[in-house]
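One structure is given below, represented as structure tokens, and several questions about it will come after.
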């Protein structure tokens, strides 16, 4: 549900977070992101990338600092609004696609937001068309290949027309052809994209800006070519 | 015991038949569910010596399998699951029920008749369920269940179980294969690994459930799931009414 | 131990549907009260998990055979009895609708025999009291084995009772029972062992995931009434069963004790389960005339009747084949 907001969509400032007391996962994380940007989130395993992304969609609310999504301050009463603007594509497509046909799954989000059936069908067609799997509309989820499942997962989010799309390791377990296909699909998707990935080549192809995380916080934020081109920087932070 | 691969194959086979392009598959699920339940009800309500109506009841099965282009072999194969109990329960009837029943002018021991009718009833009921599931997907049945006001929580849980059977069975297959490759010659999983092997998998599955929940809630899930509406055609009403009439006539007048 | 459609009379199936629906209604209400949507996906995924674990074979030490996990007990120990029960309903329904495992009409029976005892008796009467003061390895083993053995015994007992009351078998109650119970004693023991192994693993790695551990003070009053009712109902069922067993096996013994107690042996008319069942059947059956025909009234199925019926069945097969044959032809013609 695009707001038509132009300019700043994400504003994260001084965010600290821990699951258990005393075991801090994120410490003083701050960054801003604007409409139309494509940002990679890179860093070694267990550095808190996934946690940060889950904070952005409001899965954990007991953080300190402030998070603003599409103009809404992150708090329990704003969650419904925020989730209309931000979509999350999980790493495991099988967990993301919980209904047994592609069509039903892609329609799940729009229906929950109370859209009319005509509008829902239109959204489903558009979303499937955008990722190029309109032909799989009636298919059973279990019959899809890994690459098709990934595209279907993305379609389930696109049908909600979010301003911001967050993706966790989208290129994992894809063969080269599917990976290339995914890259071209991502280029066609507008809005703000935030992609966590270890696949630096994939990042190079899809994101113009890169945020590098280490030691619970952001250590570098800049143009992808500059950050990924800096071998010393990457190796110093476990990549 | 069936091997995992065999079970998965069976699962895929039935799911493939469910997706055929046959008019019986596209009938409204509620009508098909209703016919099946009423058919089974009428068959099991027949007395143990009622031979004639039992023979006539076969018309539904014959119709469903021949016109529905289903394989009798596949249907009968499902009998194996209930056969042991059925045989155990029926096998002693010929020795215990010594009443003489007149069949076609001959005196036959009642127990023999009751054993035969029991087996035939077992066959009919299993084939009727098979005819239903081969032409109706679980989503469709869930849709019918929603229509008859089964609580949505049960229906959603059924849909999720159905969705994750493939995923979990695949995991079971991999775990079992990985185990057997390192423990050759064992028939099953040895005692000391029971806990760790299944326990790990259980915890992993709980984590998966958490992700599924997050994925649902991020897309606006508030405890309900709305399926695509199905239209009702004339045939969806005529077909079940016709069958229920025929079956009831057989049941009452023969 | 799935019950088949053919083994039960409609009246029995209906009764069991009513009982299972009642238990499901209470469970739905309880789960809704918790208003925790995050439990729904857990129930779904756990249901699929139980389904999948039943494909695994566990070698039983000292024997060549293998066993399986007891789903109801494990689900209840993780999710609590109410969510566990609803999940088991889902599992049984999917088994029925995907593999034709257990019948449509017998579903009520199967839910009762397998899910109800496993979840309610296993969790509320065994698991929770034992875990009241916290869990330990020994307690988990004890609870799992007692729970599985007891729930399987109750399940087997119900299968026996349902079949007998339906008037399907000519087997005497005692013989049927004497065959069913010992088999399920062994199965229950093995299922208990497997279940305990899994639950101990959970306890040692993520103890907070186990249900009902150390709940001594929490909402005890709320459930105790229900628990009491369940205890009484089960006790009554068991008593009823055993009295009948005793009565059918040693009818003189019961008369004798009746004479000792009441000075009369008048109760002999209700001496066997079958007879009691017959009277229940006659009052409850929707089609009483047909469901329980005794041998005298069923005499005389005529030759012509059988031949006529067979001809009808045969003709319908021919017509169906012919229809299919010609339809195919026309299809290929137009194509």
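By letter and in written order, the chains are A, B and C; residue numbering begins at 1 in each of them.
Assume a residue touches a chain if its C-beta (ideal position, glycine included) is under 8 Å from a C-beta of that chain, and two chains touch if they have at least 3 such contacts.
The structure displayed is predicted, hence computed values, not measured ones.
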| Most centrally placed chain - per-chain CA mean versus overall CA mean | B
| query | Which chains touch each other through the most C-beta pairs? | reply | B-C
| Cα-centroid distance, chain B relative to chain C, in whole angstrom | 17
| Where chain A and chain C are represented by their mean Cα positions, the distance between them in whole Å | 46
| query | How big is the gap, in whole Å, between where the Cα atoms of chain A centre and where those of chain B centre? | reply | 41
| said: Where in chain A do residues touch two or more of the other chains? | reply: 98
| request: Could you list the positions in chain C whose residues touch two or more of the other chains? | output: 41, 44
| Tell me, which residues of chain B touch at least two other chains? | 138, 159-160, 162-164, 167, 208, 212, 216-217, 221-222
| chain B partner contacts - residues on chain A that touch it in the complex | 54, 57, 59, 80, 83-84, 87-88, 90, 92, 94-101, 103-104, 107-109, 111-113, 117, 140-142, 156-157, 160
| task | State the interface residues of chain B toward chain C in the complex, per the touch definition above. | result | 1-2, 4, 7, 10-11, 14, 36-37, 40-41, 43-53, 55-56, 58-59, 62-63, 66-67, 69, 78, 81-82, 85-86, 88-90, 92-93, 96-97, 99-105, 110-111, 114, 118-119, 121-122, 124-126, 128-130, 132-133, 138, 141, 151, 153-154, 156-165, 167-169, 171-173, 175-176, 186-191, 194-196, 198-203, 205-206, 208-210, 212-213, 216-217, 221-223, 251, 254
| Which of the residues in chain C end up touching chain B in this complex? | 1-10, 13, 24, 28, 31-32, 35, 37-38, 40-49, 51-53, 55-61, 64, 66, 69, 78, 86-87, 89-91, 93-94, 96-105, 159, 163, 167-172, 175-176, 179, 193-194, 197-198, 200-202, 205-206, 209, 286-287, 290-293, 295, 298-303, 305-306, 308-310, 312-313, 316-317, 320-321, 323-324
| remark: Counting only contacts in the complex, chain B reaches chain A at residues 15, 19, 137-139, 159-160, 162-164, 166-167, 208, 211-212, 214-222, 225-229
